[in-house]
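Each chain carries a letter (A, B, C and D) given by its place in the written order, and its residues are counted from 1.
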């Protein structure tokens, strides 16, 4: 099953998710649901000095949504928000590529294991669930910190 | 064009309609319209002693509706209402036969020329316009005379 | 269980002959022969249906109802003959069948018509519409929307733990105007007690509306004998094309309802200041209908009729019994819906402990097995049984015992792959 | 007149090659070669369209949007690719195209949505909806019904004697909420001054809704450049299958409108107590869509695109000019609609003095010529011009000059047969 959606990397993240669990401190928490399959994720974001200090999460869902959220935390934690956002954009682009894009391993690291998912429109939403929640939470966190600052 | 819808009999009645024009006396007058093609007919009925004494009419429309109304008057005027009604039923049956019925010349006389029309659903309504108006008017005339009698 | 089935040995059911009519069934998926068990979602179409449509389009096509030229007459005759065939298939009269685009439109048609000016019932605050908790969204959302438009209240029958309707007292009351329910649930497989529901509705003078999307394809139906008021189903679940559905109702009832969509063919006299409408079925067929699709659906009815709905039902029952038996033997698998053959159809939903339905479905797909995963457009049922989604296998006339065995083996494979065995 | 046409000699238009793609065009009717001039009612479908549908159904069919299995992914991809093709055909974005069953549904969708709870406009007494006197019933009756439901008032632009809109002042006012009009009249052939109407509507902030059933098949359209709000057309008039239509609107606008029909696929979260809805286009596609028909329509767009809409328009213009010229030369024939080539399409309505349109049409059919007779679902236009009905000849990409000549000879025959020459 070399063409399987379920690359070893995905299965590893699914079985042993990174950074899972809800932690403090955080400036924003969001809850996203994929209504077509019931997958849910709660994401907390802690940003300071323009850097993603922590992302913690909890959720239920299929292997793709769980593994992709785990990979996402690896990719964004510790990075400047701008850089993390551009990774999110790169992942989004990969997911919308319908299998036509050669993924950039330097940028996406373990995320490249999801390239095959882009051929399965029904699963793309799963792969994006955690990422979209993170983007949403980060935007809220930035807005909240700006408000405090002003 | 031996299979033409336009049998000589139909063309004759169309060119020289029988009993056309509105006359007195009459107990009921109706106005029927075929909304899909704008054909219209006004029919007056004079019944007495259970007999169709006169049917007069005026109208505009295609050859089929005009000729069929003319044939109708030939068939019903002077006959007992029951007998006329059964002619109307025979004509209706012929029209609904989709070309499968052998028309009864004794009963329908010139009306048999319309047998071919039954193969053209869009024209069946034309052929029935005058007949339906006559049935309607006759029912009203009977109701009116009964009321007077009672 | 076997006593429930007619004797298939005296009239052998030739599933292989049937399969040859469906091109896709000889396809491979991921290197394995396709095992198509997603029939509750949609069925494949035999070449007889495709041929009927094509022959019509290539030789007799034209718009219907509006012309005197030969093609128009032929097309009208073919379209009306299709209506007669579909009507006969459910024991109905020709003028009782309205063609729609799918059962969803059929149900929306009713929900809109009943709330439109001229409706024989006035709906407002205090009036109640009753559905069930096992409705497909297509027989739930239209009623929610009708209630929102009119101020009526939506009520529903809940479900028992074993996937049946809980026909509790007090749901149907003197205020109930409409009782709308699914004949056979697409998620649970449950066949609902239609006579009982009709009796309860009639006792309070409520109109009955039946979503028969999953029953008409799978059992012989004599709609005239059911005592229901309106009855709707969809072509693509019964070997017919997409794009065509049906609403059945007695002509007097249909012709007493105000129109749904306005436009060509449904009118009588149109003036700028206002219009009058044709009687049913035309009243509800605004615009150019799904002409060739209606003809395809009639061909599907002929095809099903030639096999025999009773024999199809028996064939499915045998497959379903095998499937339920097999699932019972796999640990960690739970059926959502009736676990017995009593009053149930061939749609079997289940969950595999520890494996998300998406992963069950995808892993089965990797070995060529097509099942559906998700909430099957019946989200409240998932909620009721505390699952986010289910995996559903649903068989039809062309499935085989061997395919059910492949599925059962596949579920064992799923458990191994995801390490839950 | 010829200066209006591009030079067809340098890029020869191969009508015979096109004709070979349409099986029915080599058919005989009443012993004569079929001359099909009823294209404004519906067009025939080339084998490329039929083949595309069949290949899909035989190898990749499944329901869309709801599954993870391979067929379901393939079917979804094919359906969404069809949406993208249709969108590109009119210069639109993928998420701006809603598939409906026909243009009639597209227009009813808008009329219902605008009156439903959550509509961005409130409609009631004092509000006005403006149409024209040349609307097809499908763009008239839905607005009459909306006015009946909401208490709004219907107003309309009248017609001039030569078949044009009379853009009188005072029809559109500050109270106008919607201006709905036909782009090209199916009865008169008139192409309406769309920019002018859009300007008038925008000046008062009214929404524009365009019935493009007769324009999209016959002229290149860049919908994004038109400045209209909602734009609707139908598949079967542009070489596509029956059972599929389109509504175009910018995604922001579509997603701001409340739903029309409720059911599967158009929802986000469904609970018994209430539901939320998906964004457009899904919001307006309740139930299983016309999957294979959308794929057929995309194939039709590809086919038309390969010929070139500008070249088709030029070809039709040449045929129409020949027809109008010829009709002018026959005494006792009167064209209803513009008698010049300026801003007119290929639908030409006429009356033959002394012969009822039914008899004109039937007599032409007896020599193989298919034209439409009646009010063409635009009864108010007939009334305006004082005729009960008209005969209408309408050409398309596959018609020939020889066929127009046959029609003109046929009209002479009609006159002789009915003794009015």
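Methods note: a contact is a pair of C-beta atoms (placed from the backbone, for glycine too) under 8 Å apart; a residue touches a chain by one contact, two chains touch by 3 or more.
Bear in mind that the values here come from a model prediction, so they are computed numbers and not experimental data.
Trainee: Hopping along touching chains only, can you work out the least number of steps from chain A to chain C?
Mentor: Graph distance in the chain contact network comes out at 1.
Trainee: If you average the CA atoms of chain A and of chain B, how many Å lie between those two points?
Mentor: 78
Trainee: Need the CA-centroid distance for the pair chain B / chain C, whole Å please.
Mentor: 46
Trainee: Between chain B and chain D, what is the gap in Å from one C-alpha centre to the other?
Mentor: That pair's centroid distance is 39 Å.
Trainee: Mind pulling the residue numbers of chain B that touch at least two other chains?
Mentor: In chain B, the residues touching two or more other chains are 35-36, 120, 123.
Trainee: Send over the residues of chain D in touch with two or more other chains.
Mentor: 30, 66-68, 72, 267, 269, 358, 362, 373-374, 379
Trainee: Which pairs of chains touch each other?
Mentor: Touching chain pairs, listed by label, come out as A-C, A-D, B-C, B-D, C-D.
Trainee: Which chain D residues qualify as touching chain C in the complex?
Mentor: 23-24, 27, 29-30, 34, 36, 38, 41-42, 44-45, 50, 54, 57-63, 66-72, 101-105, 107-108, 111-112, 116-117, 133, 136-142, 144-145, 148-149, 154, 156, 234, 236, 241-245, 259-267, 269-275, 286-293, 358, 361-362, 364-365, 369-374, 376-377, 379-380, 383
Trainee: What part of chain B is in contact with chain D in the complex they form?
Mentor: Spelled out, the residues of chain B in touch with chain D are 1, 3-6, 15, 35-40, 60-64, 120, 123, 126.
Trainee: Give every residue of chain D touching chain A within the complex, in rising order.
Mentor: Within the complex, chain D contacts chain A at residues 65-68, 72-73, 76-77, 80, 267-269.
Trainee: List the residues on chain D that touch chain B in their complex, please.
Mentor: Touching chain B: residues 30, 356-359, 362-363, 366, 373-375, 379, 382, 387-389, 417-419 of chain D.
Trainee: Contact residues on chain A for chain D in the complex?
Mentor: Touching chain D from chain A are residues 33, 35-36, 98, 119-123.
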